[in-house]
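Chain nomenclature is as follows: A, B, C and D, assigned in order of appearance, with residue numbering initiated at 1 for each chain independently.
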Amino acid sequence: MSGIPNGAIPVLNAGFVRLVDTMGNDMSVVRSARVSYGKESKGEEADQKLINYLMEHSHHTPFEHLNFTFHIRCPLFIARQWMRHRIGSFNEISLRYTNYGDEDFWHPTEWRTNNKHNGQSSGEVDWGAEGSLPFDYCLHDTYRDIDKAYKYLIDSGVAREQARAILPMGSYTEFYWSVNARSLFNFLKLRMYESAQKEMQDYAHAVYALVQDMAPWTFEAFENHMM
Amino acid sequence: MSGIPNGAIPVLNAGFVRLVDTMGNDMSVVRSARVSYGKESKGEEADQKLINYLMEHSHHTPFEHLNFTFHIRCPLFIARQWMRHRIGSFNEISLRYTNYGDEDFWHPTEWRTNNKHNGQSSGEVDWGAEGSLPFDYCLHDTYRDIDKAYKYLIDSGVAREQARAILPMGSYTEFYWSVNARSLFNFLKLRMYESAQKEMQDYAHAVYALVQDMAPWTFEAFENHMM
Amino acid sequence: MSGIPNGAIPVLNAGFVRLVDTMGNDMSVVRSARVSYGKESKGEEADQKLINYLMEHSHHTPFEHLNFTFHIRCPLFIARQWMRHRIGSFNEISLRYTNYGDEDFWHPTEWRTNNKHNGQSSGEVDWGAEGSLPFDYCLHDTYRDIDKAYKYLIDSGVAREQARAILPMGSYTEFYWSVNARSLFNFLKLRMYESAQKEMQDYAHAVYALVQDMAPWTFEAFENHMM
Amino acid sequence: MSGIPNGAIPVLNAGFVRLVDTMGNDMSVVRSARVSYGKESKGEEADQKLINYLMEHSHHTPFEHLNFTFHIRCPLFIARQWMRHRIGSFNEISLRYTNYGDEDFWHPTEWRTNNKHNGQSSGEVDWGAEGSLPFDYCLHDTYRDIDKAYKYLIDSGVAREQARAILPMGSYTEFYWSVNARSLFNFLKLRMYESAQKEMQDYAHAVYALVQDMAPWTFEAFENHMM
């Protein structure tokens, strides 16, 4: 379960986002908004203007004809947030079948502290003379204990579905996600926003980087009117 | 609003179904079920067997990564049934903007009678010496009256959104429909079935004819296990 | 299919909206947002403040635990718009079984004209010396022709599912609609808005009048932040 | 976050399912299927027969007017399966705000082994002379290590959203769930089934026990035709 596939954008220490498939482009939005065949375009300027108009006035249904499939590798605490988005399709690897190695856990590149103002967001911090090294030790050490215990249970014949109870939320998982552009707007708006967990923002930005060129007018309009 | 576009399948006297766009094929199902990259196929036999297994055991989520966009022209009484399918995306032409010509109405090729057994389905019938010609006269005549009245109201300056109240359910409309294969199975199962209205069956069969070759193993499995 | 049931709000010439059932109230929103049991309320002021906060910051999921069932009678051209709202449940009377009387059609109380500015909305108008009476004659007359033709086809044994092709969009239908408050907000926002067809607005206002008292803090917050 | 609220059914070592609210009963199904007001019932026998007919012929929409809200406490590995059901509403407690005590983790009452036949389900097992006691030790010990590390990170000022990466899948969470009967049928069918993880089955059975009496004809028909 390791390695970054070709064309994927690496995220965090061992995750990635990969664009697997797409349906449509800016013209799919234009075409379905006009429900016309034959001469579908009214010229570049008129077409782009229509897309802007639809976005500005929250006429979002034409954007549902634009679709994407992604392949994602992320920690469970990220996957749990992701799968709360109900308009879309998920297929996740079954943890009941996976063998965990000790590289299959999330490690941060920087440790943050709770934001004093709202208790939720977290910001950069001066960790004092010692720095944040002790936290790395703590994390590594705990993951190692967990991994050892998990392997002991599995090797003793305990069912995976029970043994996984000790696997941490920092374990990586993988899934396929198909979503239309309208539902994607909602995801990006919530998850690229500064109040989202920093690690979630990293994934949302990777997703966004992969789709922007697929429908440039659409995502320009999205940035102008929804972000 | 007339004419059959290239590649479209004609349905009824003036309708059609056209496949506009697709995302994925049989391998999209296989890939998302296995959530693997790199060597995605395990050989044709194993791949097809997997698709069959998923269908047989009602593991339908991998089929959601297979998507289609259709362009449809059908009478309003058909569109109303179609749009009851909530898992999917619709963009319909606005009747508030359309000018109706007298070819924009549905005419049957044969008249059926109520089925005596359940009062719902309808079957072929012997209409006696006179045949069903009087029904054609009745239909044409009523459409002509309606069309004349509609034009009178519009020409007098009445708002289209009010004038359309007299337009008949047999008026043709057009829409774009995007749907994933799982939701499409449900549509096809209900609408190709013999208890569906014959005109609806005709549309469902046209839809099916357009997608079958896009994912042959998937639709073969669909026929074997869901129909 | 006529008559206005007890407790229903009459709409248009022969329609109504009736509240059949509800689940929850303001406290359902508070409770699910806090996911607490035992002492669920933190006092009226704090509870109302929480509801306002959720609405203002678009945290709409807690409002999904508040549910309503309505019984509606409306013209088909209204029902068609209504059923485009996919998050909700509809059960409609089958036109295949219904006998139409000549009171079962929509008649306007006033005729509007197309708005010159956007071609869509319509406004009040001075119809000149003759007034709008000719439009009433035209409408009545056309409905009568249609009704006569429909009855002729039915009496001759033609299947209802074919005969209904000549029934006008102004025919009344009935349906049950269950919807959660979050999806209802979206409906109300779109359909009470001035750009919606006037007849649709009338229905949306009737729906709103029936729910407001069921969750007064919720709908006050809705008005302040979403309308 | 501990204690079992009144009326809740305890599940596993520290979980529960509680029925918070309901909308409708058997008559809601009957009424919406008939879309009638006034004399809604046609007698007990006819009403129950209708419910059976709807279920047998997969006419499931009338069951969507029957709704339930549950309050659930379960381990994260169960919650993750639960929230894959997209037709329904979830509000979960935020782990970012919760303090974990050492009773907030799942402990099994019996250990199972992997089923040899399909590698997924798991069955009872003879664990030899030593029994399964060593697994209990292993689990307790690992939970204690995790809890200690989590508290160390939190006390040092590390953001909860990062520290939670070491929390195990066996941690309990709480959520509210609103769902209509049709979507509930699907949940129960999948999760009460013998191929589901035993701990998941326990929750599904608790859910079922709470709703059965709310709509006895409906759930009797469900058992006869869907299980």
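Structure notes:
Keep in mind that, in the parts below, contacts are C-beta pairs under 8 Å (C-beta built on N, C-alpha and C of every residue); 3 or more make two chains touch, one makes a residue touch a chain.
This is a predicted model, so every value here is computed, not measured.
Subunit B and subunit D have CA centres that are 38 Å apart. In subunit B, the residues touching two or more other chains are 90.
Chain-to-chain contact here is organised cyclically: the chains close a single ring, every chain touching exactly two others. Under the touch rule stated earlier, the contacting chain pairs are A-B, A-D, B-C, C-D.
Per the touch definition, subunit A reaches subunit D in the complex via residues 75-77, 80, 83-84, 86-87, 90, 94, 96-97, 105-106, 108, 111-115, 119-120, 122, 125, 134-135, 138-139, 141-143, 145-146, 149, 152-153, 156-162, 164-170, 197, 199.
Residues of subunit C touching subunit D in their complex: 5, 18, 20-24, 28, 31-33, 35, 37-38, 61-62, 64-65, 67, 69, 71, 89-93, 174-176, 178, 180.
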